[in-house]
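Below you'll find a set of structures to go through.
After this come two complexes, each holding subunit A, first together with subunit B and then together with subunit C.
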Partner chain A sequence: MIEKILVLEVVLPLLAAPVCVLVRHPRFCRFFSLGIVAICFWIAVALLFEVRGGGVVSYQLGGWQPPLGIEYRVSTVNAYLLALVTAMALVVLSFDSRGGPPRVPEQRRHLYYAVFLLCIAGLLGIAITGDAFNIFVFLEISSLASYILVSLGGHRRAVMSAFYYLVMGTIGGVFFMLGVGLLYQETGTLNLRDIAARLEPSLDDRGTVLALALLVVGISIKLAVFPLHHWLPNAYSFAPPKVSAFLAATATKVSFYLLAMVLFTIFGAPFVFGELRLQAVLLPLSILAMFLASGAAIFQTDLRRLLAYSSVAQVGYMTLGLSTANATGLAGGLVHLFNHAVMKGGLFLVVACLLYRVGSVHIDALAGIGRRMPLTAAALVIGGLSLIGVPGTVGFVSKWYLVSGVLERGWTAAAVLILLSSLLALVYVGKVVEAVYFRKPAEIQPIDQVREAPLGMLAPAWVLAAAAVFFGLTTNWTYGVAREAAELLLAGGI
Partner chain B sequence: MSSVQSFSGLWAYWLLIALMMVGLYIVIARDNLIKKVMGLNIFQAAAILFYVTMAKVTGGTAPIVPHDPAHPGGHGGHEIVYSNPLPHVLMLTAIVVGVATTALALALAVRIHGEYGTSEEDEAVAYDMEHG
Partner chain C sequence: MSSGTTILLALLLPLAAAVSCQVFGRLGHPNLRDLATPLIGAGTFAAVWRLGDQVLRGGRPELVLLEVLPGVELAFQVEPLGLLYGLVASGLWIVTSIYAVGYMRGHHEQNQTRFFTFFALSIFAALGIAFARNLFTLFLFYEALTLLTFPLVTHHGTDEARRAGRVYLGILLFTSISFLLFAILFTWRLTGTVEFEPGGILAADTSSGMVTALLLLYAFGAGKAALMPLHRWLPNAMVAPTPVSALLHAVAVVKAGVFAILKVVVYVFGLDLLTGSNASLALMTIASFTMLMAAVVAIRQDNLKARLAYSTISQLAYIVLGAAMATATGVLAGGMQIAMHAAGKITLFFCAGAILVATHRKKVSELDGLGRTMPWTFAAFFVASLSIIGIPPLGGSWAKWYLMVGALETGFAWQAAFLGVLMVSSLLAVFYLMPVVVRGFFAASPTAGPSGSAGGDRKPIAEAPFLCTVPLVLTALLSLALFFVAGDLATLLSF
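Now for the complex of A and B:
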């Protein structure tokens, strides 16, 4: 049963997008896309329950046997990603942004939902497929859709940011395609498991090393690994707030899965981290990201930009977990996918609430807003505390396992640096909280008329804020799944 | 293998790496957004050529099974070497992706021109510096 409906996970949003284009009714499209995503979420959760404990569900497209045919193959790793993406899409789409993105007129809003669905279909496709070239196609579907979504932001600079994002993203995509081409040249197959089985990576084989380099750089652009992160702060701070919430919670997460899959499943940990010693590059870059991006976040005066820089820093934590190449550290990185999605998604939804009521998220404009919008501000504080990694929030869970993994590896200095970088997070979160609660409202911008955000906005933001606390206290589900996924990846399976 | 031999044997790769770098250089060095898009196209074309190059089998013919009435489905007694059709098929998809990317990039360039009144990146950046 479940293997029959597995393919619907991608097909449903892919077919729903043109339906939205044809129906041209914004309200219908909104609830229709919400319904489709809800079904996808249900399928993803069903898959996750099915594959927990080492199960695999496979679907062969068109009945062609792999390795010749394209195979959709779901193990704990993929199911975890699918559940994460669909859950976040569900919460973000249920957010009632009261009139959609600013630059989209009412009669065109159905197209916005169509693009949103395409983006979701692309991200789910990357996570579900077992074919290397298929990944490239889905990668480009989701990327093209996200360039469009970013360009819909209210500010003039949104379009320019989308253009930069497109240029960077396309270069990354072409690098990925070249890497896949080299792997095909080496192995004669595109099926991921078949590539992994046939590839015998060695340092003397330049083609393999080049393929690895191209794949890692290409994915790193999409993931915004530290020196390649330049597109991210602009894209996230000028995109429509709902889009920022969605992309921050899902797009980089799927890229992270892709990177982990390439490193562990295709090339294998013994080659990448034993022979090639990729951690010698990945670890310093992760630590630089944690410090420089957090440092940049401190000096931002716009809350969205601050959160965007913090996202770059959080990617640093994830890649740090990757570079430990042990089960605890990798599980820490994987659990941080979910945890960061919950907290950053929640924070960007709070930003959307503030933008709707206050009209600006400049830190000065938010002075004293805590009294006027207590519930929104409280959600902001919960998300902020989670970014710092205060016990009882999801941020603490991630950092705990990351630090354990790093210590297991014997990198004491790196563990100390993780803790020190949390202090930087304390500074930038503290700056916002200080403005929101303790500063007097600016006289030029009276906030007496500002009221609490409407329920349709508050509820999704609070769902994520509550999840940030709930999964901070109960780690069985999140860490349990992440640990299983990490062990599966380290064993070279997907 | 001497370096001259390896150069001549791999000339197709040298050519497409050169093409790729030309594309990348245009993307980085040119301020005009349309030229950037063209650079991106050249960059993509190099990658597409890479796949096409790899599909070539020495002495291979187009991968179409010849119709031989005497031996339906057979080769007519002798082996035929075919070029690999798969990379070509993949590149059809990649070309479509490239067209979509180009179209979107040009559409964005039009909107940038509408917002900034220019298609030059440096002028747009200067405008942002001035107006925030």
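Now for the complex of A and C:
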């Protein structure tokens, strides 16, 4: 039964988008898209239950057998990702932003939901499909949609950031496309498993190495791997806060999946990490990201930019897990996808609450806000503690396995650096928390009138804050799944 | 009631106290709020006491809450060291919560509800540390204790408090994340487990260099033990209201650090692995250095609470020294010092707080002649000082006795040096504690009579409020009583 509805995971949001455009009623669109995403979430969870323990669900579009036709193929790796994307989409869409992004007039708000659905469809499509060209199509759908979403930020610089994001994203897309083209030239097929089976990567084969290079660089731009991250801080800090929450929690995660899939499934760990020794590049870059981006976060005065730089640093932790190329480290990186989505999504929703009530998330403007908005501030503290990696939060689980994986590899110095870098998180989180609780409100901006955020905003933020603690204490469905996915990837499957 | 339920009860009662503080505080019943805390504290103590019965009979009550990571559980087990620490923390919490009422009201402190709430939460974390069955649970509650005491340190919200809070959080989290967590993960890597096992979990053939490195990582990682040079957070924490300094920064928090070291020595390394090793010698040397240096610094402090803080650093090093010896006697002495120092030092802080409430004086040099107007306070200070110095018939003398015996048993070539260090340190304790008593009782008051004061207060100076004085007399008597029950402690702690 499940393999019959598998395709709905992508088709539903894809078809729901034009429905929104046709109906044009903002309230309807909001609840309609929420309903669609809820169904997608349900399918994703059902899929995850189905494939856990090594199962595979496959669907052939139009009944064409792979490798000729396009195959949607779900195993633990992508079921995990589908569940992550739909869950975050569900939480973010249920966030009542009281009228959507400020610059979108009422009569065009339905377009916002349509674009949101397209973005979701694109991200789910990347995760679900087993066809390289299909991935490129969905990558472009999700990217184009996210450029539009970012540009709705209200601030004039949002448009500029979106344009910059578009230029960088397109370059990434072109690189990816060229890489796929070269692979097609080498193997004569576009089906991922078929490519993996036919490709015999070796260092002498320039075409293959070039394809790998193009794919890795292309995806790294989308993933915001240091030093290709420049689009991210602007995009995240000028986008509507709800969009930042969604993109931070999903877009980079899907790119990470893509990178892992290219490295482990198509080219295979023995070639990439054994012969080519990609870790010699990836490990230093990851560590640089952890330190430089966290260091940059410390000096930010705007909470959104601070969180955006922190995201770049967190990508560093994920790629670090990737470069260990062992089950523990890779599982640490994969579990950090979910863990980071939960905490950063929650923090950006807190930002949305603060923006709605205070009007600014400049750190000076937040001085003393802890007394006026105790629940919002408490959610901020939980998210912050999780970023530091305090035990009992999801951040600790990630750190535990990343460090274990790195130690397993014998990289003691890298293990020390991971722990030291979390102290930088302590500094930037401490800076915000200190302002929120201990600083006297600025005189130019009185906060006496500020009230607690409305329930429709607070509830989704707290769902994620609670999840950050819950999944910090029970890891069967996060680490358990990530571990399975990591073992599957290392074995070359998807 | 099953033993698991009792453990759960002991952990939940402080949480209940925190909730009741919030409820009564928000409803505007400060008296009910302040009555509930000591009562719930008594309940907590009773629950821990019940567990003690089973431990003395050789039982090891257990409670497994959930499996957090594969092979890593959030689990509790009560064993002698943890029982002792739990009894000390929960028992003294009752007295402190009474004292705190007198202090906070007498000193007109703000935000009392928040204060009592976080106080109760800190006790919750301390008990979690006491009963932790594995390194993960220990680390979880250890970090929680740091974070939960932070609002207490920064209670006054002044720039000074914020600065101190930054140092406090900075040093404690820096050490725990970069040393302690690393040590735990390394242990996990080496052994595949994080459980505390009698006899240790590290393999007997672990190389000597590795053992030394790990032991030092644990010792400095438990930054709450305030080993020099990572001790600065403790004097900084003194900006907190005095009840916090008394219970948390003389007992619960700092003991959490040394307790962690003791547990690690006994249950992770195992005494056999450490006895007579280089690791043991290295840690003993660091502990001795801290012991002497902190005592010397204490003598030069004029601020009474700062002096007591440095005294705490010095006295904590005794416990680390005992642990570092890695002999049965050493561990016994360390465990005993946890209890003895707790009773003594909490009394000293209570006295410092009582003096502050009654006279608003903070400096040793301002105490001349106060002993005659505050006889109970200064008498208690005298008794507790004797216990800290280690003079019979006060509890502290036993801990020092066993430490000296332990030092002789270690069999290092320079065991006599450690003996000398212990003696000199006791002598230094005389120098930093006795001047307070001497000034109080024998020096002439700076002004005409006891009714006038340098600060220009209009009211004549008298003893601090009843609720402050009674607890400090009680804890002073406790130091005395501990001398006579030391035999029971020795039975409990025989490894």
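Note that the second predicted complex is superposed on the first by the 494 of 494 C-alpha atoms of A that agree within 3 Å, B and C clash if a C-alpha of one lies under 4 Å from a C-alpha of the other, contacts with A are read in each partner's own complex, and residues count from 1 in each chain.
The definition used in the following text is that a residue touches a chain if its C-beta (ideal position, glycine included) is under 8 Å from a C-beta of that chain, and two chains touch if they have at least 3 such contacts.
Everything quoted here is computed from the prediction, not taken from an experiment.
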Partner chain in contact with A:Glu140 - subunit B first, subunit C second, else both or neither: first
Partner chain in contact with A:Ser422 - subunit B first, subunit C second, else both or neither: second
Partner chain in contact with A:Gly392 - subunit B first, subunit C second, else both or neither: second
Which of subunit B and subunit C A:Gly181 touches, first, second, both or neither: first
Which of subunit B and subunit C A:Ile148 touches, first, second, both or neither: first
Subunit B versus subunit C as contact partner of A:Glu434, first or second or both or neither: second
Contacts of A:Glu408 with subunit B and subunit C, given as first, second, both or neither: second
Which superposed partner A:Leu473 touches (first subunit B, second subunit C, both, neither): second
Interfacial residue positions of subunit C with respect to subunit A in the complex: 66-70, 74, 136, 139-140, 143-144, 147, 154, 157, 162, 165-166, 169-170, 173-174, 177-178, 181-182, 185-186, 188-189
Subunit C-facing residues of subunit A, complex: 385, 388-392, 397, 399-401, 403-404, 407-408, 415-416, 419-420, 422-423, 426, 430, 434, 438, 472-476, 479-480, 483
Residues of subunit A defined as touching subunit B within the complex: 133, 136-137, 140, 144, 147-148, 151, 156-157, 159-160, 162-163, 166-167, 170-171, 173-174, 177-178, 181, 184-185, 190
Subunit A-touching residues of subunit B, taken from the complex the two chains share: 24, 27, 33, 36, 40, 43-44, 47, 50-51, 54, 86-87, 90, 93-94, 97, 100-101, 104-105, 108-109, 111-112, 115-116, 124, 128
